[in-house]
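You will see subunit A twice below: alongside subunit B first, and alongside subunit C after that.
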Partner chain A sequence: MRQTTLSVALEVKPESFDHLSGLLDALRDRRSPNPSGGTGPFADFLTTVPAVHFMSLSVFPGFDYDPLFVIEANFDGAPGPFWGQLETAIGPDLRSFLRCCKRPLDHTGDLFDAVTAPDSRAPIAPYLEARTLTPTVYHHGNRGMTRDRILAEGELFLGTRKELANANDGGPSPYRKLTPVEIHAKLRAALLPQFGWLAEKAPARIPFLQSVGDYARLAWFVLLVVFALSIPGLILKSQLAWQYYAGLCVALFALFTGILYKMGKPLPGTATPTRFSFLTFFLRHLLVPVVIAVAVYVAIAAFITAPVWSWIGHKPFWPAWWDMAIWAGWSGASIAVTVAGILVWLRWLERRDASQDAPPVDPKMLREMARREDWIPQNHMGSVVLIKPGVLRAILIRVGHHGLHLLLRAQKAARNGYLGSMRTIHFAHWARVNNDSRLMFFSNFDQTWESYLDDFIEKAHAGLTLAWSSGVGFPPTRFLVKDGASHGRQFKEWARHSMTVSRFWYSAYKDLTAEQVERNYRIALGLRKKQLSEKEAAAWINDL
Partner chain B sequence: MDQRPVSEGGGTPNWHLSAPASGQAQGLVVSGFASLPTGRALFLELGWKGVKKKGGGAWVEALRKVAQVTDADGRDPRAVAMGFTWSGLQKMGLNANALASFDRPFQEGMFQEDRLRRLGDRRGEEWQGTVIPGGPKWSGNTPLDDAAVDDEARAFDDRQEIREQRIKTPVTVHAIVLLYCEHDEAAEAWCEEVSAALAPFEVTVSHHLPLDLRLDKQGIAREHFGFADGISQPIPFETGTVVYKDGTNVPKDYWNGVPLGEILMGHMNGHNEIAQGPVVAASAGNTDGLPDHPKGVGFKDLGLNGSYMVVRELKQDVYAFWQSMRVAAAHIRERDPEGSAHVTTTWMAERVVGRDTHGNLLCPLGTIPVENNDFGFWDNDRHGMGCPLGSHVRRANPRDGLAPTPADKQTLLDAANNHRILRRGRKYGKTISVPPTPDEVDRGLLFVCLNTDITRQFEFVQQTWILNPNFATLYDETDPLIGPKGTMTIPEDPLRRIIDVETFVQMAGGEYFFLPSIPALNYLGSL
Partner chain C sequence: MNALTSRDVLRPGKKGLARWIEGRVFAAMPYAFAFFRRWKPVVKFGGMTLTSRYDDVKQVFATDPVFGAPYKPKLDVIMGGEPFFLGMADTPLYHRDTDAMRMVVLPKDLPELGRRAEAMAEAIVAAAPGRIEVVDTLVRRVTFSVLADYFGVPEPKGGDLRVWGTRLFEFQFADPKGDPALRADVDQIAPALRAHIDAEIAARKATPGRDDVLTRCLALQKKGVPGFSDVEIRTNLMGFIVGGPPQPPMVVPQAMEQLLRRPDALAGAQAAARAGEDDLLWGYVQEAMRFDPLAPGLPRNVLVDGVIARGTSHETPVQAGDTVLAAFASAMMDPRRVTDPARFDPHRPASNYIHFGYDLHQCFGRHINRATLHFMLKPLLKRANVRRAPGGAGRLVKNGPFAESLTVVFD
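What follows is the complex of A and B.
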């Protein structure tokens, strides 16, 4: 099942910031201990439309720009029907929110006018669809699990507990004397009448075609990056004899690595111990893929260009292909030089980046956040940061985010919901706003804000630094991944400083963590099978 | 001096602080004063109205004459430790900017509305079952701060004002004095001496608890439920500062080592930063004895070698505990008559704690002896077949047990060690009869722990481990020993057992205290 993660970010009239915040607060009782649900038709929408997983409405205050109103939604299916249903449920409210926003300056201005005119009845959905942002990166912790399925399997889990606790109540439990295989069979028989769907085949979480697409897109992206990195080599090789070309490459590489060796050392006071080593990482995870990618690139590039060369040079196809392969192969060898050059450029920028040692945090805002946090085992955060200026940063954030996005869709652990050693995120995404000058991040995660960020600081600081170090004021970073978020408190203050109050937030399954959803899934998967082998049953029974 | 179990001698030598830190830190940092088995906790209230402009610290000076705070440079015949709440420091007339330089949780107090929810004590209007009926007796009664209500006037603001609720307790505590000595009679006389010395300064003892180590015949200090206590503490390290008795550096302990900054302000902590402490302007009174602040020009470091002390009075219902264990064991035997010969009341209680009554860690086969604190859960007991996943000791320090794969063991162990606390608690109240019978005696544990980042250490442990309903992929259960009434899963072959547990521990009062260094204490005395 397709799952959609999107956001709509709209600039707010400065005069309407407080008013809009009040409207959003009014969507639910502010003191309600329960962050899910709403009042009136909104509650019906959230509970009856079997699509929404998590949804939030928040306003970012205007520090660098005017305030920003953001609708964040994570749901099953396509956006069209979702917006329609949202409008049916809270059309008038939505219209009043939109009236607090500025008229956009682009082609959607007329749509905006139509929607927000006094007594307007024009449909809102087209406007919201037109203003929808595509996330640059998103991550789903329980990929492919529809809301209905999560809820149904949650019911099943409770059903198993009830059956095991109450079978033959008052006397010996009939389950205690059985083997795991027998326990499975008996439990299945007991639950089947109530959960008829156990007899059906489990729908695939990630359909085959979607997987093919994930891998194909990643492969295509890698080839494009290899091509882009080889362009300087292609040009130079076309102009130089191989001796000069090779000599130049070796000389430049030696020069760049020499500079990197000097520049790579942390600035005083910013070093943090880390187990992350570039060389180990490269040798263990990158070397083979890079060699394969370059080889594939050379072969394909030669195939594409050979017909042209054979036509221009009046050569048969295979000799032409061979010429082209040699050219591309030489340029492939230059990729190491290009990468080293880019790293020198990057490091030069990093050493001059201004980091913010003590980002100002508004205590009142912090309290408003705290007031809404930690009511249930899940929490929500939304953050907006300015993006560092410059050509290289602009390229890195686009290419890096896109690569990260494709990797998260294709990498085995991430497909299973893991980021490093953690599976605490339900839905998270990044998107650029304000004409690509700011980076917005939303996450619906398990446990507390502190533990969520500590997890990243302690267990995945390299990845976190990579994703966020393009933000203005981020703690000092080395080569995009080192140090940075390892400065725990400084990073947490920086993150808090970028956050806003999640005024309205909805979770469709508020007591299920991402881990529990997977646990329920494993139990359900076992119970769908008529019989388990001894080995399967032994593993399956640990989840009960 | 006794980071090893106070009950039993450990195999590793004890850690000490070297000079000058040893003369500056309070003795409580390095020692639980195991050689001084009896003691008193005196909770002080400063009786004057409002904030004193001058002389607010005179009582600290007077106290010094009868109960001088012990430093960390060696054993003394009797010992004293002392801490202040934020409201106490404010009343004593500490500069408002200095008051604003403390860590947020300390400034807001333990009883800030949202904090109480995170600590599992109160939700909205309701005190939870893990608090004594009617609400706690004492706290610092920290006043609401500026962030509590957004009453700033702004054009175009039509929002309804949310006023935060101030949660008050009948007794206000401005400072705590912990006295340790050898005999109960001496302690009693000492208390009177202290009370008499403070009386002229309008400082009264508003609440007090007798503290006890009370070693049993085997030399084990047991908490009231009957389990050996004080086992497994973090071992700080910092080259040149944390040393053995012979002066050599204490190396980083693989399993339990934490940077000194986790315990003392002004030192490098586990997040690669200098643990932040309070500061005071050099011009604010007699600051000569304080070191310069390393970053703030013109400011003195009020925090260096100080710490935050979390104190919670936890009342224990010993009879209810053993009764509940008996019922749970009986229920298991009833449901599984043939496979439950091993399930006794004690077996049950040991699963709840995760150790046997002598402190040995439960393992799938046998136990790990109490002296050995160098172990992880992953290799010994990944699925909790010995020490259950949700048992008290596993929740209080999961070590490497939360790793999803063997490759993550190291990362998870390191991560867990960034949330350690140094415990310095002692029990109070008479030991219950054997076998336990219901009585009206007030008994429990005065939980005391030291840390420098309250949010990342104490609060994290309480919220993310102890009271996390989804800890270690469990569902809807919290710490079976100190959490609220609920269930507990005990993994076993072929099928886990789930038992019902009641509430056995209730909070009767609590607050965050600043544990100043000796120079900082001198400064506070000069106010």
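What follows is the complex of A and C.
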């Protein structure tokens, strides 16, 4: 089943900030006896909102803007049923939260009035639906695992522990003498009566058509980017003979790379130790895909334009196709020049960016955050930052985020829940708010906030910098991915400064890390099979 | 035959072509609702406004100051002018009366009601030689016996509570055109039932009976608790008899019919029944009911000018005096709020179901229904090879909105 990640961001009346914060605290206190949530009456969320994995309700204080109330939700299935379930669970609370918010000035104003009017009984779900933000990037650590499946396989795991611990009946464990294949058979036989679903075929985590869609969208995006980057070449080649065109390209490329060589070095005091080299990365990872993408682009562009050229030039199709392929091919050669030009522009901006060395953090809010963290193996963070101004940044953040989003859906490691070499995120997403002038980030992750960011800084700083370097005050960055988050202390202070208190946070499986979910999945997958080969059993038994 | 002594629970229905057309109209309703949900969620037919989306249906039910329950005029006929909470607006008297009844219809009674329903259904099925008629022989007998016994209303001498209750129910809820013949029956039955309950109250005062709702009412009357005068006790018991037991013989056979149409669902329900997984069995029954609920919708009278779905693209003003039909059958099939509504899923969240209405006039007996309906089918479902009887008898036959007959066989 498809999982959905979304958020609703609503501006709050400044005078209602404290009241709304209090209402959120009251909701949390009513539903949970401990600050992490998840026990006692809070558990009724499991039945009334059976689709939800993680959900949070936060209020960001207003400095540059009025305060922002954000509902972040990660759930199974489509948004409509989820909103209906949420309204059933906490409808009156949601209505009181909305009454603290400002009336939107767009087309949803009338709906807001209907929902927040005194004594209103109008359904809330349509308003939340109308105000839903689509994430620019999201990542699912256990993609395709429904909440019920995670819970069921978690119970199965506990069942295996119980069986392995109690099977000895006072003597040595009977499992000790068995081969992996026999252990599998015995354990399956012992658990099958209690977990009847082991006899059923496991549903596919990512259905075939969904995968096809992921790859097709990424391919289409790459072709569009190649086309966009080749537009200057298309125009110039239509006006210049090839000798002049090639000369111009070579000259411009030499000029841009020369400038980049000079500008690309870090500014004094902003370098971070790194072995990362763009040239090495390009040659190892990008050269072949780029050549393939350009070749496919040339072929497709020629196919699309050939009929028109054939009609205009009174030529047969294939000669027309060949003419178009040559034109597109020349324009493809200009992509390197266009990219180099964009990098010069970007680097020129980056060298003038102001980074914040000591972002102020409200001590009271810091205490509130600390008080809510580290109660369970999972934690939560929400952050909002201003987006740097300018045309290039506006384009790059959109194209970059969309590309990153599509890549995370299609890349093998990311489909398996990994970011870099880490699998510590359950659900995370970025979205733009306040008319696209601020960037919001939410993450539901394992381990402490410190170790979570340390992991990212050490193992995935490039991706982190790419996603966040458009934020005002972000540590000095080169070429979107270098340095940036590698300024560990500065980055963490900047991130903390942008965060708010997770006043209400819900996890449907608070004891399970993303790794444990995968471990449970592998154990269940093995137990669903009637028989394992020796090789399969030897691998499977490692998870027990 | 006189209505008081009649043994025909349902009045003769339409015949021939008219019956066939009626059946086709009911069968086509889900498709019509799907069309309206998509293209015209709030549609006016003359003075009647149909709402078909989940949100709008709930809004109509929840906004009782604008959309009032239309039951009072006919309730006055049945109750002899005495007020019953079903016909009231959101007034202090409404809350006093419903609170009073919650003092005598107690949550602790529910498990026992379920046990009684299951035991009686088991006895009926065990006595059947591999073939049983579900509507009357099984469900109606169980429902009226168990509930009338629980309320403390015995069978009237010379009469049949099943006939009286069902006839009054039809008049109250399923007679939009006001059939004079039905009204004539009601004019006989209603006073007779009132007198019957009055007599039982008097008898109980003289000779207290066992613990049931009537006994508890009289005990509270003795303590001087408001809402328990003789007339108030009688009115509430009548309301329970008229509004309660006639419904399970409609929805439970309809649920059985839906299970019979889906071999996988039937197998799942049977497995749950045999394993004693009663909550899961309830999931199967209420999900089956979603595919053929009690009625397409419930009417509401527009009391003051108002708006349905304000602020949405389909917002529609309504005027005082209009009638709104809140099509809860359609709402439960609305893909905007119900995940994959065409799929049979016994594990849906409770919010997907609006079987018992919503908010102020949500069915008072919903907890009793939750505790008993699935137990009426459980003994039958535990039998092996449950299937339709051969021929027409094996198909659910309806008489207007009422289920009339459905015969199943088993090994």
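What we mean here is this: the second predicted complex is superposed on the first by the 525 of 544 C-alpha atoms of A that agree within 3 Å, B and C clash if a C-alpha of one lies under 4 Å from a C-alpha of the other, contacts with A are read in each partner's own complex, and residues count from 1 in each chain.
As a convention for this text, contacts are C-beta pairs under 8 Å (C-beta built on N, C-alpha and C of every residue); 3 or more make two chains touch, one makes a residue touch a chain.
None of these values were measured; they are calculated from a predicted model.
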Joint occupancy of subunit A by subunit B and subunit C, clash or fit: fit
Touched partner set for A:A78, first subunit B, second subunit C, both or neither: second
First (subunit B), second (subunit C), both or neither touched by A:R121: second
Contacts of A:P232 with subunit B and subunit C, given as first, second, both or neither: neither
Partner chain in contact with A:R371 - subunit B first, subunit C second, else both or neither: first
Touched partner set for A:P104, first subunit B, second subunit C, both or neither: neither
Geometry of the superposed three-chain model: angle at subunit A (Cα centres of subunit B and subunit C, steps of 10 degrees): 110
Touching partner for A:S421 - first (subunit B), second (subunit C), both, neither: first
Residue contacts with subunit A in the superposition, subunit B compared against subunit C: B
First, second, both or neither for A:E458, with subunit B first and subunit C second: first
Touched partner set for A:Q447, first subunit B, second subunit C, both or neither: first
Lowest inter-chain C-alpha distance for subunit C and subunit B in the superposed arrangement, angstrom: 30
Residue numbers on subunit A that touch subunit B, as the complex places them: 14-19, 21-22, 25, 30-31, 33, 157, 161, 164-165, 171-173, 175-180, 183, 272-273, 275, 363-364, 366-368, 370-371, 373-375, 377, 418, 420-421, 423, 446-448, 450-451, 454-455, 457-459, 486-490, 511, 513, 515-516, 519, 541-542, 544
Residues of subunit C that touch subunit A when the two form their complex: 54-56, 58-59, 62-63, 65, 307, 309-312, 315, 335-339, 347, 349-352, 359
Subunit A - residues contacting subunit C, complex: 47-51, 77-78, 80-81, 83-85, 88, 108-115, 119, 121-123, 125-127, 148
Residue numbers on subunit B that touch subunit A, as the complex places them: 113-114, 117-118, 123-124, 145-148, 150, 152, 154-160, 162, 164, 269-273, 276, 334-339, 383, 403-405, 408, 410-412, 414-415, 418-419, 453, 455-456, 459-460, 463-464, 468-470, 473, 475-476, 491, 494-496, 498
